[in-house]
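A short write-up of the structure that comes next.
Residue numbering begins at 1 within each chain, and the chains themselves are lettered A, B and C in the order written.
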Amino acid sequence: MRKFKKFLLLPIIFFLAFTLAACGNKKQNTYQKVKQDNTIVWGVRADTRLFGLMSIKTGRVEGFEIDLANAITKQMLGENGHAKLTKITANTRIPLLKNNNVDVLMATMTITPDRQKQVLFSKPYFKAGQGILVPDNSKIKTVQQLNNKTVLAVKGTTAVANVHKYAPKAKVLEYGDYGQAFSALKAGQGVAMTTDSGLLAGIASENPGYKLAGSNFTNEPYGIAVNKGQTQMVKHINKALDELKKNGTYNRLIRKWFKGVKGFNIKEVEE
Amino acid sequence: MWQILTGYWSEFITGFGNTILCSLIAMFFSLILGVFFALLEVAPPKIGRAIAHIYIEIFCNIPLLVITMIFYLIIPQFWVKVSGFTAGTIGLALYTSAFIAETVRSGINSVGDGQMEGALSNGMTYVQAMRYVILPQAIRIVIPPLGNQMITLIKNSSVLAFVAGFDLMYQGDIVAFSSFQTIETYVIVGVFYLVLTLPLSYYMRHLEKRLA
Amino acid sequence: METFIHAYSWIDIRFLLQGLWVTIYVSVISIILSFILGLICGLVRYMKIKYLSAAVGFVVDIIRNLPLLLIIFFTYFGLPKLGLIANPTIASIVALVVFEGAMLSEIVRSGINSVPTGQMEGARSNGMTYGQAMIHVVLPQAIRNMVPAILSQFVSLIKDTSLATIIVLPELLYHAQIIYSQNTSYLIPMYLIIAVMYFIVCFCLSKYANHLQKKYL
C-alpha cells in the first residue's frame, strides 16, 4: 500500500511540473530594458570560425557577428552602450531567448517560417546557404548523394531539416556544436558534415584534407532574433542595421572577416 | 503538453528502448569485468593486484564523459569504427566495472579472515575456498551496493546524448529543440527515467531490509 | 609527435588551466552548499517529522533517481522561468547542489543511523535536550562515520562537472573541446591531458580520503 501511494504521487509531480512550466515568463519590453541598463545582452556563438569563435589566447569571443553586435549596440545606445556577450549553442539559443536569459540572438540563425512562430527576426544581415563538407577523397558532389549514408549535423540547426528534405533516406547524427560534429567526421562516424557553407569554408580552410562538395543547396539568410512581440526592439535593430550598411561599416566588417576565404564568394554578400 | 508526448511518441520510445538496451548490456559486462578485477585484486599474485589497482584507479578517477569521448572519437582512428551507442555502452561498462570491482573487493574483505583460514585449514585450495565459502557470503553483503551501482548505471547512460547514441536523453534533446517546449519535454524524459530507476530503487531498499 | 608538442604550448595549457580552475571552484562551492543541504535533509528524514519528512523523502527519492544531465537542463532552462538569472555557472552549481544534496542526505541519514541508539539515550538521561544531544553527541560521531562516503561524493562531483560542458560552462572539458575544435589534430593530446588532469585531482583526493580513514577510524 505504501509503495502504491508513492507511485500515485508521481503523476502529481508530473502535473505540478507542467503547471510550473506553463507559468510562463514575465512580459517585458526588451527595448525599454536595454535603454535602462544601457546594455544589450547578445547570445552569440563561440565555436564558429569567422562568425563567433573563442580565442584561446585571449579567452574572448571574436568574429563577424561579435563585431556587428558591438557596432549595432553603439549605434542603438550611443558610444557608452555596452554589449554583453553570452555564449550559446545552436540548440540552446531559442529557449534562452524565450526565457530572457539573453535580449537578442545573433548566432548564425537562419530565418525560417517555423522559427518565426517562436521569435521575431530582424532584416537579414548575412546571406548564407547550406553546403556539405567531405573528406578530399570523397566522391560525393550533391546533397542527393547523401541518401542511405550517414550525415553529421548540429542539433537545433536548419541543416537537419534540410537534409531530411533533400535526402530523405539519409541517416542524420546530431551533435552539440560544430567542433564535435567535425571531430565526428574526422573519426569517420559519417561521410559528410552539413551546415551553412560559410561555416564549412572556415573549417575547410583550417583543415587540409577536407573540402566543400558542390555548391549551396539552400538559401539561408541569417537574422537577428528577439523574443516574440518585441516589435520596438526589432524596429530599432533594423534601423541600426540600415545605418551601418549606409555608412560602410557593414561592408568593412564583411571584408575584414571574409575576404580571401576559400570557396566563399564575397560579392554575393556585400551590400 | 500531452501533445508532445503523443506527437513525438516514436522518438521517446526509441530513446527509452535504447536506454534500456544500453543499460542491460553495460550491466552485464560491467558485472563480469568488475568481479574479475575484484578477484584479481584479492588473489595472492602481486602482478594481478598491480594490474587490477591500475585499472580501477584509472576508471574511477576519470569522468565518464571523457572516457566515452575517447572511445567515440579516438579509438575509431586507430582500430575499428564504433557507433555512438557502442562507444557509450563500452565506456559505461568499463567505468562501472571499476566501481563494481571496488564494491566486490570490500565485500570479500569484510567476510572475516577466519573464514578463509578455516577453509584452507580444512584442506580446500584457495580457489575452492573462494568458490564455496567466501564468495557466497560476500554476495549477500554486496547486493545492496551493487543494486545502487545499477541504478547509477542507468542514470549514467544519459552520457549517450553526447555521442549521438539515440538514447532517452539524446532523443529528448531533439524533441525539446524542435518543439521549443524544453521544460515540458524534459519532464517527460524525467518520468521515463523514473519508470526505470524508481522501482529498482524501492526494490533495493526492500532487499536491504530483508538482508540486514 | 610534433603535434603533441605543439598542442601543449603554453597558450593552450594556460587555457586548460583556466578551465580547471572553473571546475575546481564550481566543485568546491557545490560541495559546501550541497553538504549543508544534505545535512538538513538527512536530519529531517532521520527525525521523522510528521509530513515534512515524507515530503522531503519523496523529493529526495525523485532527484536521486534522475540523471544529473537532466537536472542540469532543468535548472538551466527552468530557473529563468522562476524569475532567477541562470548563467551557466549558477545553473551548474544549483544543479550539482540539488543532486549531490539529495545523495548526501541519504549518506547523512545512514550515518546518523549508524550511531548506536545508546548514545542518544545516554546523552538525554544526562539531562541534555534532544537538540543538544544531537549536536554534541550524535552528529559528531555520525560525521566521522560519513567522511569516506562524503569525500567519495566530492570526487564524484568533480567528475560530474564535466557534464556541464553542454550548457557552455567554461570548465576543463569545454576548454579542451574549444582547443581541439579549432585544431583537430590536437584531439588526442587534449583528451590525454585532461584525462591526466582529472585523474590527478581525483586520485589525490581519494588517496587523502583513504589516509583520513586510516587515521581516524
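Odds and ends about this structure:
The criterion applied here is as follows: a residue touches a chain if its C-beta (ideal position, glycine included) is under 8 Å from a C-beta of that chain, and two chains touch if they have at least 3 such contacts.
In UniProt terms, the chains line up like this: A = Glutamine-ABC transporter ATP-binding component; B = Glutamine ABC transporter permease component.
Not measured: the values here are computed from a predicted model.
Each chain gets a centre from the mean of its Cα atoms; the one farthest from the centre of chain B is A.
Nearest to the common centre of all protein CA atoms is the CA centroid of chain C. Averaged Cα coordinates give chain A a centre that lies 37 Å from the centre of chain B.
Chain B and chain C have Cα centroids lying 20 Å from one another.
Per-chain Cα centroids separate chain A from chain C by 33 Å. Among all residues of chain B, those that touch two or more other chains are 73-74, 162, 176, 182-183, 190, 194, 198.
Residue positions of chain C with contacts to 2 or more other chains are 61-62, 77-78, 81, 166, 187. Each of residues 6, 20-21, 92, 95, 176, 180, 183, 186 in chain A touches at least two other chains.
Listed in rising order, the residues of chain B touching chain A in the complex are 1, 72-74, 76-77, 81, 83-84, 162, 164, 170, 173-174, 176-177, 180-184, 187, 190-191, 194, 198, 202.
Chain A meets chain B in the complex at residues 3, 6-7, 10, 14, 17-18, 20-22, 91-92, 94-95, 98, 118, 155-156, 173-176, 180, 183-184, 186-189. Chain B contributes residues 57-58, 60-67, 69-70, 73-74, 151, 155-159, 161-162, 169, 172, 176, 182-183, 186, 189-190, 193-194, 197-198, 201 to its touches with chain C in the complex. Touching chain B in their complex are the following residues of chain C: 61-62, 64-70, 73-74, 77-78, 81, 155, 159-160, 162-163, 165-166, 173, 187-188, 191, 194-195, 198-199, 202-203, 206. Within the complex, the chain C residues that touch chain A are 11-12, 15, 18, 58, 61-62, 76-78, 80-83, 85-87, 166-168, 177-184, 187.
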